[in-house]
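There are structures below to look over.
Next come two complexes, and both contain chain A; in the first it sits with chain B, in the second with chain C.
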Partner chain A sequence: MRIAVLLSAGLHPVSGAPVLPRVEAQAIRLAAGLAASSEIFGLHAGPEAAAVAEALGQGLDRIEHVAVAAGEDPVPALVARLAERAPDLILAGRRSQGGDESGLVPYALARALAMPLMPDVVAAAAAEDGALRLDQSLGRGALRRVLVRGPVVVTCHPDAPAPLAYAYGRARRGRVETVAIAPVATPAPALAAEERPYRRRPRIVKGAPAGGSAAERLKAATGESGPAGSGRLLIQPDPEDAAREILTYLRQIGVVAAPAEPKT
Partner chain B sequence: MTRPRRDPRAEWAAQFVAGAGLRPRYDRTRRAAAGRPRRDPRSEREAQRVGAAARPRYDLGQAGRPLGEAVVAPPRSVPEAPQTIIVEAPAFLVAVVPDAPGGRLSGHDRQVLGAARALAGREGAVAAIVEGACEGLGAAGADRVLRLEAAEGYDPAARAARVEAALAALAARHTLFPESLDGGDLARRVAVGLREPLFTNAEVVAAKGLVRPARGRRVEQSLAAPRFATVAPDAAADYAGPPREARAVPIDGPTPPPPKSILSATRIPADPATVPLSLAEFVVSAGNGLTDLDSFRQVVAALHATPGASRVLCDAGLMPRHSQVGASGTVLAATCYFALGISGAPQHLQGVAGCEHVVAVNTDLHAAMIERAGLAVVQDAQAVMPALLRLLAQETAGRATGAGKAP
Partner chain C sequence: MTSLMPLTTVFPGLVWLMAALALVQGLRRAALWRVGAAAPVAWLDGLAKLPRRYLVDVHHVVARDPYASRMHAVVAGGLLAASILTALAILPPLAGFRPYWFLVALAFGVTAVGSLLVGARRYPSKQKRLSAGHFQILPFLLLAYAVGGTLTALLLAFGAGSGVFGSVALALAAAGGLGLAFEVRHGPMRHAAAGALHLVAHPRPGRFGGRPDTALQPLDLDAPRLGSEMPADFTWNRLLSYDACVSCGRCETACPAFAAGQPLNPKKLIQDLVAGLSPAEPAYAGNPYPGGRAAEGERGALARLIGPDARIHPDTLWSCTTCRACVEECPMMIEHVDAVVSLRRHETLERGALPEKAVGPVTELRQSGDPGGRPLAARTDFAAGVELPRIADGGQAEILLWLGEGAYDLRYGRSLRALVRLLREAHVDFAVLGPEERDTGDLARRLGDEATFQGLARENIATLAQYRFDRIVTADPHALHALRNEYPALGGCYTVVHHTAFLLELIRAGRLNPGRLPDLSVTYHDPCYLARYNGETEAPRAVLDAIGVARREMSRSGRRAMCCGGGGGAPVSDVPGERRIPDLRMAQAAETGAGIVAVACPSCTAMLEGVTDRKAEIRDVAELLLQAVEAGR
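Showing the complex of A and B:
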């Protein structure tokens, strides 16, 4: 099996220094765990090859670098190279880090290559006759196990297993190769947005109606109007009654399943 | 802005009392055409007089009204049911594609509908595109509803194709998606499929424009409302006005589904026993007031919850350290927190701050946990736990034999 891992040039969210985004390191681990005998290579499109050299120490032996001018859409170059190499599995991060963070690159690639895309995968394993068994995160620890066939684009979710440890020797042995490519696809339409320094905004107070008065907002913020405000207090009830009340309450808010109807 | 010019001569003329002898007489109590009504302290005082006894008595508590001028308050109408707002011929449409898991709007869906309502303003209409039946769309702010036929199984590509076809037919000015796991995925598929740029993860949605964070939240990008956008959670307020019409709009026949690549999809629910405490949905927690940890573990298993504990129990080695809830343990994001024998120290309550519902059992009426709880039971936890277990066992037995009746 041939696996391509897409690497973007990430920036650290705090220091702004170049760094390999964590989800992409996790994607490398997913690829490494999938099949030891398969060919795994990284692919980066950008002006600098050095930006992704860190990935060599995280478990890749070879990275292909396609030169693309800074600020240009990397998708046409990536599509051209991936069409040439025809990998069976393309792994990408869920969102890049330090750029636009829009997460559109894998979707544009899947569309251009006419491949299916499976988002937010946390585990991957090979199944019978060439199919892949992927576990998608549904949040809160729930998973969806999907069986897919054939070349597929997969994006990796941050809940996937932690990346492999950085190994200096591997980083020294690995190599980054620059390949020349003639892009074929047309770049995606871009939005001309205006930029300014980030400003934190107050979070929406849950339960406060839009256009409500200041007193209503204060009530919602202090929880007086919520369930805490209308709390029920049972003083020294019979334990059986207390248990019944608790169970009814838990069912009402939907955290405990209702008792199944007795079969008649 | 100019005030109307006063004409004192005309005011005097209006107050003139005709036929009152030679000397001209003016009735100064007569109200001027505009402005504040003139007070008449004498008649106000008279109105406060109670009884007709020789010695006058006044009720100063009642606001004095001049006797002659009966105040007719407009009859207070009973607040009627708010009228449904109908937008007959909208100037433009704002489409929303909610996730609506299980035919019910999530909190995030409501926020996106509220954001769409803000974009639509008075002239526009909000059109929700849902799969299968979905309730509460009108109250959440939808003027129109497009119902796609629900598909079985998990096939995001087919769903995206259906939504694309519906959006192409609708010709909406803006389309909003929730930036959730499924909604964000669908938005990207649809935008790439229609070759439209997508404005992702908008944190401000207003008619003036949308704002999103970028480059690790160091800059923000703003744009006049784009055609396609996804809205971050907790970025917009729910729609709070009177209910909308949610009129059903017919749509064309089914679109041919794209080739299937998914062989099978099964949902694996989170295992409450192993899910990390910070992700758990329902946490049952034990404190220093519990002595019977065996029945506590049985209660946790019977309720399908994730076990938690206060620091005292973790320090004593009775519960594992990774189950500690609180400032120096895990901060929960659970929907419900069930505290047994926990006093509710500030360090512990910090971990529970994000929980929507709290149930507490404690012998102390004045414990902080009792105050925080939505359902508080002042009772011995050692007695409540076996009662809970008995109740749950009864229900299971009733289900098995088919004779029992759930309360």
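Showing the complex of A and C:
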């Protein structure tokens, strides 16, 4: 199996230092865990390969670097290279992390290469006859298992296993190969969006009373009078009852599907 | 035999034969050290200083156990004297001089007394920390050699050396003596040969100069192999040093991880390095790693040492708090911590095999300069409401206050605020780096990530080069050790003072006038990185005495204090044990009955304050001094 891991030049969310985005490091771990015999390589399109060299210490042996001038759209270059290498699996991060990435590249690639895209994957395993068994995160711990055949683009979710530790010695041994691609100079698509720095905003608590005293609002926020406060407290219940109660709750929050309607 | 040759020739001949056998056995073992990497050794200097290193430095450690000290003086002194005197008797004038044989008999007699002392430690039941195995035969070999030698020498002294009795006595001496010589390769007597050579070729000759030599040696990051994976990766004199181990078990009684039931026993670790070198090594017969994991895995100079299926489990490696208690207690001057760090370097740098929980902090250190990934500008948040000058504003200050990682901690912020207020009170011209201060990289270095440490160190050195200051004061002994002892190798030389020493200076200069707090009973907990790594145990105590508190000492204090469990990345590695190290230390503090445990390190503060159900308060020396200064107004 040939696996390409897309690497982007991210920035550390706190220090602003150039780093490999965490979710892409997690994607490398997913790839490394798939099969020992896989050919895994990183792929980066950008002006500098140094920005992603860190990935060599986190499980990749080889990175292909496609030189693209700053400010240009990397998608055509990536499409050209990926069409040439024809990997069975393309792994990417889920969203951008501070750098020049838009977070849209996996989608643009999937469209250009006419491949299916499976977002938010937390685990991957090889199934029989070349298929892939992917666990997709649906949020709040809910997972969906998907069986995929044929080449696919997969984005990695932050709930996937934590990245491998950076090993300086491995980074030293890894190779970055610059790949020449016939230049297709296309300016980056202008996104009709306004950019402004992130500002933390207070979270609106659903169903919180707008007025009332501070004590009342605290009570509402800590759930003493909310749905959590109104739950049933079972002390040393019968295991059957406890299991039923847990199942009911899991269904209520949507982790477990509702029981099938009995067929009459 | 005696009918062919006189006993006066055969007896000295026996000693020469023993020497030859010991030499052969020693050389067979020494051939293994040659697989190690090359190391620069100042041979002549080492040889010239051998007697002093043995009689002063080694004796200083051995004498902490008075029984062992007396036992060793008698048995080793007697053995050496008796053997040399007998060997000299190969010269005919001495051999024929009967009073000389009285002298020899006396020396052998002393050895015999010593062998009984050796035996008394092991029979009827051996002390818990000692190893059994070949060591259990040692008293018998010694006794046979000593008694046989005494009898033979006495017979010669009385001129009755030709009878059957003489042959029997000689045979007894030969059995014991040749047995001892044979044991130079694998048995207890190896410690004598390897130990003497180890003192000459010690990898840290600086530690015999009277000042602690504790800085980790910088790793050449361009070397073809990083750290130690197998015995052959150690330098030859390190391999030699592990062979010097006499399995006395003093390290295991001092080791906090062993006491807490974590899978580390320093003696077993060193013995695993010894056994890893040669498949012929007899089985280890001391206390195992807690948890009782049996020795497994391949042996040999090229066999991997660390791994779930190798001789040393990774958990053993990551249990070490690098507190140096084992090094401090080792009478053979073995550097356990260097071995641990060297093995960790390979695991981290070459294999990326950090403990799962340590990956996050080390990654953040590398990417953001703080193990918690917190903004560097938030380091001074603790000082809200207290004026904290930035050195960038003036470009210079008399004192640069290094805040360290503790500044992010809410509890430790209180200690730092107390320190800052004391500095203001004394009108000290000080400043902090503020957002320009990065972590010293101590955590990364102890966890083997030398690349991250050197990166951070270079950035910090470049920052410090921009400003003019006389001295650095820090309340964090880990930062102090890195800045004072480890940055010089990377080109940053500073005068670094611990806050307790600086506060003492201010008191002595009359710039702080503390009142007295006689109602407080205080016991002081020595931080490893201040006491053992830097030999500073007096200043904090002097500050406590200056404020008149009732000071009590724990049974383990000063350079022999027990670790709080917070060093060496142990809290982030978090290897499970049966107990927690800080709980053990607080129990020791409770024995003194003191109501306050005085600390002088952010790690100790956090670890000891985290003990549940503790009866004593945890207060930094600076907090106590501030209280005294406020009381004295």
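Basically, the second predicted complex is superposed on the first by the 180 of 264 C-alpha atoms of A that agree within 3 Å, B and C clash if a C-alpha of one lies under 4 Å from a C-alpha of the other, contacts with A are read in each partner's own complex, and residues count from 1 in each chain.
Going forward, a contact is a pair of C-beta atoms (placed from the backbone, for glycine too) under 8 Å apart; a residue touches a chain by one contact, two chains touch by 3 or more.
Bear in mind the structure is a predicted one, so any value in this text is a computation, not a measurement.
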With the two structures laid over each other on chain A, which partner does A:P116 touch: chain B (first), chain C (second), both, or neither? first
Scan A:A125 for contacts with chain B and chain C and give back first, second, both or neither. neither
Across chain A, the partner (chain B or chain C) reaching more residues is B
Of the two partner chains, chain B (first) and chain C (second), which one does A:A83 touch, if any: first, second, both, or neither? neither
Tell me the contact category for A:L147 with respect to chain B and chain C: first, second, both or neither. first
Partner chain(s) touched by A:H12 [first = chain B, second = chain C, both, neither]: both
Residues of chain A that lie at the interface with chain B and also at the interface with chain C: 12, 14
Contact residues on chain A for chain C in the complex? 12, 14-15, 17, 19, 57-59, 162-170
What part of chain B is in contact with chain A in the complex they form? 107, 111, 114, 154, 156-157, 181, 184-185, 188-189, 191-193, 195-201, 203-204, 212-223, 226, 234-241, 261-271, 275-276, 279-282, 303-305, 335-336, 338, 356-359, 361, 365, 370, 372-380, 383-384, 386-388, 390-392, 395, 398-399, 401-407
Within the complex, which stretch of chain C touches chain A? 221, 226, 348-354, 356, 358-360, 362-363, 366-369, 373-376, 449-452
In the complex, go through chain A and note every residue touching chain B. 11-14, 16, 97-104, 107-108, 110-111, 116-117, 119-120, 131, 135, 137-150, 152, 188-199, 201, 203-204, 206, 208-212, 226-228, 230-237, 239-240, 242-250, 253-257, 259-260, 262-264
